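In the two complexes that follow, chain A is the common piece, with chain B as its partner first and chain C second.
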Partner chain A sequence: MSQLDQDTIQELLDSPITRSSDFVRKELHHNGAAIVLLYLRSICDDAKIQQDIVLPFYRADHIGSFQDYLRSLDSQKSSKGSSLSERIIKGEALVLSGDEVFSFAIKKTVQETVGPADVEISVVGPKQAFSEEMDININILRSRYTEPSLTFERGKLESYPKTEYSIVYDRKVVDHAVLDKIKKDLEQLRRKLVVQAAGQLARRISNVKHTLFPTVMITERPDRVVLNLSQGKVAVFVHGTPFAIVAPAVFYDFMSAMDDLYTHYWTGHFLLVLRYIGLFLNLTLASFYVGLTSYNPEFLRVQLALSIAGSRAPVPYPSYIEVVFMLLMMELLTEASIRLPRTIGSTATTVGGLILGTAATEAGLVSNIMIIIVACVAISNFVLPINEMMFAMRVMKYVFLLITTLFGVMGLVIAFIGLLVHFTRKESYGRPYLRLFKENRKVLIR
Partner chain B sequence: MILRRLLTVLLAIAAAGSLNGCGFKDIDKRFFVVAMAVDPADNPDKLYKVTVKLAIPSPSERFGSNDYTIVSEETDSIAEAVRVIKSEVDKELDLGHMKAIVIGQKLVEQGNMNKLMDWFIRRRDIQNIAWIAAGNPSGKAVLDLRPHTERLPSNMLFMSFGQFGTETAYIVSEYLFDFHRRLKERGLDPLLPIIEVRDNQQVSINRSIILDKERQRIVLQALDNKVVNSFYQGIGKYDIRVDLNDGFFIIAAENCKGTFTLNTRNGKAVIHLYVRVNGIVEESTVPLSKEKLSMYERAAEQQVNKRVLSLFYKLQQAKVDPIGFGLRYRARHTGNPDQVWRDWLRLYPEAEFKVQSKVKLMSTGQIE
Partner chain C sequence: MNRYYGYLVFLNMVVNVFVYVPQILIRERFDGAVNAILLAVPIGMLIMFIFIKSLRRYPARSLQEILDSLLPGWLSRPLAFLFASMYMMAGCITMLSIGDTSVRYISPEAPLLLAVFMFLIVVCMAAAHRSRQILFLIEMILILDVPLILFIIVKAFWNRSINWDSVAVVGMSYTHLPSWTAISGATYIFSGYTNLVVFNKAFPKPISPRWIWLFGPVGLGVLISSFAVPIGFQGADGVSDYIYPWITTSDSMRVELGFIERVLPLFLLLYAGISMGSTIVHWHVALYLVKEALPSSWSLKPAATWTIFGTFAAFTLIFAFLFNEQNISELGSGWIRLRFPCEIFLVLLVLIAALRRRRTV
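Up next, the complex of A and B:
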């Protein structure tokens, strides 16, 4: 509710929104009183407007009691500071009555259901993911995180169009330095930028622009967000995506699945160890193949060395070309099956994986052992629970491969050390990247 | 800033490139030398005939897929021979898997082992992995064998010596580095298993040669070989024949371990040999009863004592010491090392051996 003056009316009439076909301007007359109703039909709930505004207007004895009724409505919001056109875009209905303007959030939500988590799948954990509607996400978090210290801060990005976000944190345990830094990063976002996904925002707010390894985590699991909030981290929701950005995030976080906490102690640790083995294989196996077959075959048992030599005999190209060729095929398969509709996807992988693999060996393009290695590399990559780390490691193995091709097994060792060095000097909002968070397991009160 | 970083990376790559030790060579462009033999040369002007066995890899390994090719060269030195052989094959020789060295027995009889070993012990890629043996009738004959059960060329030798496959106390396996050590060490003499070629592409490896520091001194037959091995490697899988009044039985030993202590008393060396045997009766020509197990044990002990004693007196007479009594003596006596060594040389021919064996029979092997 605010006083209506000529400027605000003029501003509204000048706004391009009035020329849109879903813009509704209704003048209602009753008992000599008149109100003007302004809203966007596309995002407002017509029935609710009829029920909550139009009918009471005709039932009211005089305009004064109708205005009193309007003031009592819960949905009324005083979004001071924003212009009338902005309120309309947000999905509010405006009622101009006399010299006063009332606005109501009567937004029709398109998607109210919450889908199952299908990016980070858990076996025994909660099954639901976040929704694309921010209010629903807040609802989910509130009901899971029943602490009065849970705080939401809504805001709008300086993007074009302006995207709504909200910062979530537990006021009691949050690291305020991190919180301030994130707020500052969000404010610093440049204009002329379309932000439609959490990943995009994550990329924009990270300090190092061209980094391979993620320093903030993007997750669709409410349980993970709750866990991270309790550890004093900060989550950011972007309107329109079912993902939350969680910061700070270190290497260890990217290697842990929520199931680790839900299963028994030994099975959880076994899975964790398995994941690190998978990571190691994924990074180094292709490089080991090149290094061992082309530089140091004495490293292998003689039986294996001879069998590799035998299976490589029909291959005319050096080992690294063989490896790059097969890895490329594998990447194409993976990429194709992600983008394809699910029904065609399985056919593509079957055709590609089975037929290509056998045919390539029979044609003498690659060796038998190579097929095993490529399969192992591909599978071990999927062991990593968080997508961004998976993609990072997918790229990283080519770096390893390049260095090994140039310098042999010694190069592989040095590349591995180099990766560790890179990790140690990396940090996420002041947290060392390679730190194994012991504090992860307990709630910290700062 | 980016340019500087790029420059640093490029420099690092260039610098690392210059450090590159072994070059890029695909595994199918290499010839793996799986075994090497050295024999006396047929040509009287040359010293050695060096033979290498090159594995020809096959895409699918089956029994009998042990393709290989043999290349021989006669020269005065092994290094030369290897270089010449390189010019006779189409792929790069890779010695990284050369795990068997076979010296022709004639060469071992001739002696001069120290000079022969020089090349082998300098090669960084084989000095820690190769086994060494003597070949009868010649090293080349041993290499040029194609047992039907092999999946890879020379795999039989690797399996026998590594005790990956067959486990038996008859095979003494000797690593190159240990052989070299024994050639140099005073008080510990080298031994070499003998690989004998038999008919039908088979071999037998149950005898061994004991050398002094230069040449062959004594050939141990299978039974003696077994006893030496119990002191040397402590491998079980040992059989002992025990004669009774009315027949004999055979003990299959699960483990058999020999140790010794060395005392000098009144200017005389006394060597106590202890042999511990655990086993079961595997074959018998007479009925055995469980109650009399301890009696059988005593009989077996006497048998073991007799056999061990006869072996060690034989070694003593040949003036060789593969077990390392001399080394033990040198380790336990202070003074001028040369003087200690001379003392031992004086003591050893008159040393007295005493054997104490302990046989433990688990069962008679019968179901009662």
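Up next, the complex of A and C:
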């Protein structure tokens, strides 16, 4: 509720929103009193307005009691400081009565359902993901994280159009340096840009513009966010996307699936080791093939070296062309099957994977062993649990391949150490990206 | 004891194979190398202990700050440059050695210059980082490499081709007094602690000397294996025919049931990592010694780091261009001989500074 003056009314009437066809302006008269109702039909719940505002107005004996009733509903607090037109855009209905204005959050939500997690799948963990509606996400977190110290801070990005976000953290355990840095980063974003996805925002707020490896985690799993909040990390939700940004995130976070915590100790560790083996194979297998066939076949046992050479006998070009050709086919196949409709997707994999692989070998374009290696590289890439790290490593293996093609196996070792150097130098909000033992595993009460 | 301090010392121990320590000891195997090994352990441990103890009076200080409290600037700065050049040469020799072996045994078509250049890119990238990050890095390198290196060494001791009689023959020369060179070479194993002249700043708490004695037996083990295994494989006389006795030794082994049959590539590739780690540490130390000795108006410029590394790399590349493996080997032995007095000098300086500080405090 606030006092009206002519300027604010005029400002509202001048705003472009009044010219939109879903803008509703109703004048209601009863017992000699009059109110004006302003809202957007497209995002407000008509029935609720009828129920909560229009009917009570006609039932009220006099305007004073109706105003008292309105005061009890008033949602002024949630939108302090914003202008009247901004409130209407947010989905509030305004009631002008006499010289006072009341506003009500009567937004109708389109997407109330919560879908199953389908990017980060867990076997025995919770099944639901976040929703695209921010209020529902907050609801999910509140009900999972039942601590009074859980804090939400809403805000709007200075993007165009303005996007709502909320920062979530546990006030008791949060790392305040990280929190302040994230707030500052979010406020600094001033661009003509549409923010529609968590990844996009994550890219914009990171200080390193061109980086391959992610330093914030993007997740759709409420259980992961809850775990990270309890470790003192900060989560950011962007309106309209079912993903949360969690920071800081270091290398190990990207290698861990939530299932690691839910299964037995040894099983979990076995899976973790398996993932590191997968990572190593994914990065180096193609490079080893080039290095060992073209530079140093003598490293292998004689039988193996001979069988590789025998399988390569019909192949007319050097090993690196063979590898690049097959890897490229594999990448195309992966990309094609990601964005194809489900029904065609399986056809693409069959045509690409089975037929092309066999035909390429029979035609003598690539060796049999190369097919095995490419399959192994592709599968081991999918072992990585977090999508972003998966993509980063997919790119990284080409860097390794290039260096090995130029400098041989020693180049591969140097590139590997170079990657370690890069990782140990990198930081995520002041936390070292890669060091041997993970800190901050337990819940810290500061 | 901070575990990162342990890594610094241990890295220096492991890398000894590639900085001509076995070569020096093997050259003097009938003239007191055995006694040099036995003497090196108490000597090395003693100076390490003195250094750590003295440095406890200067928590989180670097060498320049310690020297400045002891000597006038016109003396302390050139001294820092002297030490920096020793560290620079240490890295340089490691690079030349690993570059030369990688050309010889892995990619014989590549020129030495190119091989060394490859290593230098990554080494310079890494050595410019902060001390803490370098400690994380060497921890990763050691954890990845050392288990496999241990596997090779254990395999060597268990190998049927090792001739313990040859080792015994060399062992019988224990009556000879050790030469300066042999002691200098053998104490190299323990000299990883000197990296603290810069890395001390990365340790918030001074290093406690409580667990240092552990390095005694470990160092002795490393020395004996890097001395005795090549002798056992190549014979007491034949071993001196090789410039890189350890590489020939590793090539004499096979992993019968392994994916990679020959041990040589495994050994070389693992040691490429270790050598790079060691060079990164040494050049990092050299960089900061030079930077702190220079007036701050120069050293704070971003170009300063790259100018210094450019100089280091240029030296290494010039050596790589001019020298063959014989020269590199001589350079390495010469450096090892010079290293020991420098190290004692350094420890004495720090000790005197610590004693004076106690008196003034």
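Going forward, the second predicted complex is superposed on the first by the 435 of 446 C-alpha atoms of A that agree within 3 Å, B and C clash if a C-alpha of one lies under 4 Å from a C-alpha of the other, contacts with A are read in each partner's own complex, and residues count from 1 in each chain.
Simple rule for what comes next: a residue touches a chain if its C-beta (ideal position, glycine included) is under 8 Å from a C-beta of that chain, and two chains touch if they have at least 3 such contacts.
Computed from a prediction, not measured in an experiment: that's the story for all the values here.
In the superposition on chain A, A:Tyr39 makes contact with neither chain B nor chain C. In the overlay built on the shared chain, the residue A:Ile417 is in contact with chain C alone; chain B does not reach it. When the two structures are aligned on the shared chain, A:Gly408 is found in touch with chain B and with chain C.
Residue contacts after overlaying the shared chain place A:Phe243 against neither chain B nor chain C. In the superposition on chain A, A:Val315 contacts chain B only, with no contact to chain C. Look at A:Phe400: by the touch rule set out above, it reaches neither chain B nor chain C.
By the document's definition of touching, both partners, chain B and chain C, reach A:Tyr295. Shared-chain residue A:Tyr429: touches no atom of chain B or chain C.
Of the residues of chain A, those at positions 295-296, 298, 302, 407-408, 410-411, 414 touch chain B in one of the two structures and chain C in the other. Every residue of chain C that touches chain A in the complex is listed here, in rising order: 102, 106-107, 110, 114-115, 118-119, 121-122, 125-126, 129, 132-134, 136-137, 139-141, 143, 258-262, 265, 268-269, 272-273, 276-277, 280.
Every residue of chain B that touches chain A in the complex is listed here, in rising order: 13, 16-17, 19-28, 30, 32, 34, 55, 57-61, 94, 96-97, 99, 125, 151-152, 155, 158.
Within the complex formed with chain C, the chain A residues making contact are 295-296, 298-302, 304, 407-411, 413-414, 416-418, 420-421, 424-425, 432, 434-436.
Residue ranges of chain A in contact with chain B, taken from their complex: 292-298, 302-303, 305-315, 318-319, 368, 405-408, 410-411, 414.
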